[in-house]
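Across the two complexes that follow, chain A remains constant while its partner is chain B and subsequently chain C.
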Partner chain A sequence: MAKVIFEKVVKRYQSNARDTVRELSLAIDDGEFLVLVGPSGCGKSTVLRMLAGLISVTDGKISIDGKDITRLPPKDRDISMVFQNYALFPHLDVYDNVAFGLKMRGAPKNEIDDRVREAAALLGIEPLLHKKPKELSGGQSQRVAVGRAIVRRPKVFLFDEPLSNLDAKMRTQMRAEISRLHRRLKATAIYVTHDQCEAMTMADRMVVLHDGVIEQCGTPHEIYSAPRNTFVATFIGSPPMNLFAAEFTSAGGAAGLKINNLTLPLPPQLSAGGAARLETGRKYTFGIRPEHIYLAERIFPGVNACAPLACEVELAESMGNDVVLHCNSGGLAFQASLKHDFPVKSGDRINVVFALDKSHIFGENGERGI
Partner chain B sequence: MKKLILYLILVCAAVSFIYPFLWMAYISVESVGDSGAAGFLSSFLTLGNYKAVFREIPIGRALLNSAVVALSTTASVLFFSSLVGYALAKLRFSGRETVFLIVLLTMMIPGQLTLIPLYTLIVKLGWTDSYAGLVAPWMISAMGILIFRQTFISIPNDLIEAARMEGCGELRILTSIFWPLSKPAMVTVGIITFMNSWNEVLWPMMVVRRQEMMTMPQMITTFSVGGQSGGELGVEMAASMLLIIPILAAYTFFQKYFIEGIASTGIKG
Partner chain C sequence: MTTGDERKDAVGYVFTAPYLLFLLVFTAYPLLFSFYLVFHSWDLITPPEYVGLKNFYFLLHDTDFWQALLNTLIFLAIHIPAQVVFSIMIAMALAEKIAAKTFFRAAFFLPVIISGAVVTILWAKLYSTDAGIFNQLLALAGIAPVKWLTSTGLAMPSIAVMATWKNMGFYIVLFLAGLLSIPAHLYEVSKIEGTTRWQDFRYITLPLLKPTMLLVVVLSTFGAFSLFIEPYVMTGGGPLNSTMSVVLYMYKQAFLFQHMGYAATVGFALAAIILLVVLVQKKYLDSESH
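Up next is the complex of A and B:
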C-alpha cells in the first residue's frame, strides 16, 4: 500500500486565470481513508484528477511511496478510480468491464478469471457477470465500477463523488459497503464528495477545501467539534452552526459577550483566563450549533447554560427524529435542533438556553485561535 | 385518402428508382439478339451473357483488383479518418479548430481539380500501374473525419479517463472503446468509401494502363466503350451487374447501421 504526499501543488487552468488549487500540501498515510469535502468549485475533484494524472500539475510535486509521479501518465501510477457516472464501457459485459484493466496490462487469462471472480464474490455481483451495463441498476453499476477498481489491486483508490447519482437509501447502503470494503482491503483511499454526511461517516480524516485552499484537516470529530474558522463551522453540520456578531464587554466587572441586546456570560473555556485574550470593543463571532441549544425546561444536568432566552418559533421543520426550529428572539435569528418528543409548532413562544461549554468564539477574520 | 395519395407517390418514386435496375438485370439474362427489343419476358432467360463476359475479358482478375483496392482504401480510410476524428473530438491542442476548418474546406474543393497534381505525384513516385497508385491518394477522407468527429464528440469523456486509468494509450482507447461504440459511423464511412472506391473509373483510367491491373469499372468501361462487347447490350448489362453485386450485398448486410449512422451524424449520403 502507499503513502501519498502533495507538496505545494498548484493548478492553474489558463495562464492568466487564478489558481484553482493553491499551494496544497497534504500527506495521506498508508491505508488511510481520506475524504476531500467542500462546496462545488472548491477544487476537490481537481486535486483528485491531478493525483490520477488525468490533468497536469501546474506547479509542485505529488509522490506515492517517495516516488515522484507528478509527470507520469495515469497508467503508470498504479491508481484506480471510481467515477461519478461509473464510466462502465457500454459495449462490454460486467465480466469484461471488471477484467479490462488486467487485460490491458497483459495479465494471464487464468489469473484474470480468478481475480474477476474474487472481486465479484466480494461485491456480490457474480450473477451480473454476463450482463451489459445498460441492464444494471445504479447500485449494481456502482458495485461493478468498484469491482473494476479493486481487481487490479492498485496502490491507491480514488473515488470521485461515486454515490451522488444514487437515491438516498442506496447511497446509505453503498456508503457502508465502501467503508467495509476499505477496512477489508486496508488500501489508501481518497474520496471526494460535497456531501458532509458521507464525509463524516466514512473518513478516517477529512480535508475541508474552499477556493483551492485547505481550510482544515482532521478527524471528523475534530472538524465538527473544533472548526478552525467560520467557513468550516458553517459548512460542516446540518443545520449549520449559528453565528452571531459579538463584542467583548467587561462593563460592571463582569466579562461577557454582547450580542444585540443580549449579554452572554463568557464560555467556560474563556472565562478561566482566556478572557485576557479578548479586547474590549473588538468584534468577534460567537458560534453555537443548533443541537447545542436546549429548551430551558429540558436542560440536561451538568450543561453550562446561559440564562433562558425567550423566543418565537417562526417555523418548525420536522426531520423525523428531530425538529428544526427557526427562532427569533428580539431580532436575533437562529436555528435550534430538538428531539421530536417535545411538541413545538410554528408560532409557539418558548424559552431556550445555549450550552456555553459547546460554543465557539472566532476572531474578526473568522479564524479560531482565541 | 391523403395517405393513399402519399403511398401512390412513394410507390411511383420507388418504381422509377428500381426500374432501371430491374431492366438491367433482365437484359443481362435475356438471350442474345433479343436485348431490350420487346420489353420484359419476351424471350428465354440465359446466363450466356455472363459467360461471354468471362470469355471476352479477364473479369476475374479485375474483380480481384477492385476488391484489393476497395478493401484497402476502406480499411485505411476507417483507420486514418477515425484517428483524426478522435484527435479533433477529444484531444486538446492549439490549432484544433483551425485544423478542423481546413478539413471542412477540402470538402468544398471539386475532386477533379486535384487530379492533375495527384497524377503528377504518382508518376514521380513511380506508382503507375500499381495498387499503391490506386489506393494511396484516397487513404483518408474529409467526410470520414467529419462523421467520426461528430460521433466521437458524443462519447462521454469519463470513458476515456476510465480507459486511461486502466492502462490504455490513445490508440488503444480508439480501437478498444471508440470503434465498438461507433459501429453505425464505422459502417456508414465504410460503405460510402467502399462504394466510391469500387465505382471509381476516372482515377484508374489515369494511372493504370496494363490490363492485369485494371479494376472492374475501368475494365467494363473499356469493354463497353472500347468495342470489345460488339455492341451487345446483354453482355454489357451482365458486366454491369457483376459490378453492382458486391455493393448491393454490402448495403443489404449493413443497411441498419448505415441508416443509423447517416441519421445520427446529420450528413446526407
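Up next is the complex of A and C:
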C-alpha cells in the first residue's frame, strides 16, 4: 500500500517571492498512475521534487502511507525517480547504473545480480548491460533509467518529464512501455509532463496545474469533457477549445446566447432549467471544441446543432487524418477540426454548425459552475 | 590555382609571418641549435668542437646529474599528490554555497599571478631558521627551531610545500570547472539512492574528475620537472646539492661552467624523461577511468 497525501503544501523559493506552489492538497491512491500536467513554470516539477525530498517544503505536510515524510531525507522516503535527462552515471556501464542504489545500500552481491537481471529482462535491456551510457540511444538510456528506478522496488515511482528528450516515435513507444510496466508493477506512480497527449493517454487520473494551484483533478475523460474553467478548457485538447464572449438574451421570448451578431439557442443541458441561472445582460463564455463543429451538409443524425453558419476558410492545415480549418464568420474567428475526406482548402466558403449538446458555458470569472 | 587563390594565400602568409618569425628565432632555432650542441663541446668563446656521443656517456656516469634527477623526483613525489589532494579539497569547498565565496576564490588564485621570485623571497623569510614566522610559531608551542632550508632532509620538502601553495590556485580553477561540469542530477540520484557524502565523492565526483585530474597531473609534472626559480633563489641548490633540480643543474652547467654542449644534453635527457613519465601517467589514468 502506498497512498500519497499532500496537505496544504506550499513552496516559496525566497521569503519575499510569491508562492510557486500554493496550498496544494491532493490524495493519490495506492497503485494509481497520476499525471501532473501544466504549462512551463506552473509548479508541477516543484511538487514532484518536494515529494522526492530534493527541495524543502515551505509549509504543509506530505505523507506516504500515513507516515509524515515532509522533513525526511530522500533516501528514507522509499521512492525512486526517473529524470528528464536520464541522469545515468557516464563512467558506469548499464549494469552498474541499474545496480547503483542497491550497491550503495550494501545489498548482497547475488541479490543485486538477481534484481538487475530481472529488471533488465523486464525492460529488454539485457544485451546492453555491459555498455556505457554514451553508447546508448535516447530510448535505451531512458529504459536504463527506468530500470534503475524499479530495481529497488520502491513504494512510489516519480517521473519528471522522462520522455521530453525523445523523438516523437520513441516517445509514443516509451509511453506505452511505461504504462504496461505500471500495470505490471502495480506501484503508485506520479508522472510530470507538459505534454497533454502523454497525460491523456497514460493517466488514471490527471491534475492540471496552473500558477501553483490545482485547476482540476479528474480522469482524462472528465477533464476533457467537462473542463472546470477556461484555462483547463484551452490547455487540454489540441487544437484548443474555441471560446467566445457571450451574453444571455431572452428577447422575443426565446432564450439564447448572443455572440457578436449571432444568437445561438441555449444548449440543451441549460435549456431544461439551466436558463434560470443565466441572467440577461451578463457576460458568459461559450466554448466549443473544434471537433464538435461540423460541416452543415455532413451533420450526424441526432446532433443538437445550431443553425448553419456561413464562414470563410482562412487557412486549412492538413494533419493527415484530420484537417484543421481556421474559419471566420463575420469577424467571429474559430477553429474546426474535420475529417480529411472532405476537400476544403484555404479561401473556400463553407457552412458549419456547432454541436450545442457538446458545448460549454463558463461564467464571467471563467469558471464552469453553471 | 587561380590568381585570386594565390593572393588569398599571400595575405595568409603575411598575417602569420610575425608569429612564424618569432617561432623560428625563439623556438625552432634554439631547439635545433641545442640539438646540434648535444654532439659538441662549446664554452661560448671558442668554436664548438664535435665530440660525438661523449656528452651522453658523461651524463650516464655523472652522479651529480642523477642526484639532481633524484631531488626532482622527490619534489615531484611530494608536490603532485599534495597539489591534487589540496586542490580538489579546496575546489570542493569553493563549489559549495559558502559565505564570501568570490573572496576565497580570488584569494586562492592570487599566488599564481604573483612573480615566482617575489613569492620565493617571501617564503625564504618565512622559512628563516632564526627570524622566520614558522619557527616563531613553533617557539610559542615550545618547539625548537627547525632548519627548513638548511637541512638536507627538509630543504626539498619545504620547497615543495611552497611551490604547492604558489601553484594551487591554478589547479583549483581547473578542478572547480571540472566539479561544476558534473550534472547536478547525478547527485540528486545519489540522494534518492541514499549515498553518503563519501560515497558521492568516491563513486561520482572522483571518477568524473578523472579527465581534469589527468590534465592537472600532466601539467604539474611539466611544472615540477621545470623546478628552477625556487631552489635558485632560496637555496642555490644546497645544502649539499639536496635541492639541486635538473633544470638548475642544467643552468649551472651552461652558465656557470660554460658546458653548453653538456647542458643541452641534460636538457634533451630531461625532455625524454618527462615524455616517459607523462606517457605512463596517461596510460594509468586512462585505464583507471575506463
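The rule we apply is simple: the second predicted complex is superposed on the first by the 369 of 370 C-alpha atoms of A that agree within 3 Å, B and C clash if a C-alpha of one lies under 4 Å from a C-alpha of the other, contacts with A are read in each partner's own complex, and residues count from 1 in each chain.
Note that a residue touches a chain if its C-beta (ideal position, glycine included) is under 8 Å from a C-beta of that chain, and two chains touch if they have at least 3 such contacts.
This structure is a prediction, so every number in the text was calculated from the model and none was measured.
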item	value
Fit or clash - chain C, chain B, common chain A	clash
First (chain B), second (chain C), both or neither touched by A:Pro90	both
Partner chain(s) touched by A:Met50 [first = chain B, second = chain C, both, neither]	neither
Partner chain(s) touched by A:Ser80 [first = chain B, second = chain C, both, neither]	both
First (chain B), second (chain C), both or neither touched by A:Gly101	both
Overlapping contact positions on chain A, where the chain C interface meets the chain B interface	52-54, 73-75, 79-81, 83, 85, 87, 89-91, 100-101, 104-105, 148, 152
Chain A partner contacts - residues on chain C that touch it in the complex	183, 185-186, 188-195, 199, 203-204, 207-208, 210, 289
In the complex, chain A residues that touch chain B	52-54, 73-75, 79-81, 83-85, 87-91, 100-101, 104-105, 148, 152
Chain A - residues contacting chain C, complex	52-54, 73-76, 79-81, 83, 85, 87, 89-91, 100-101, 104-105, 148, 152
List of chain B residues in touch with chain A within their complex	156, 158-159, 161-169, 172, 177, 180-181
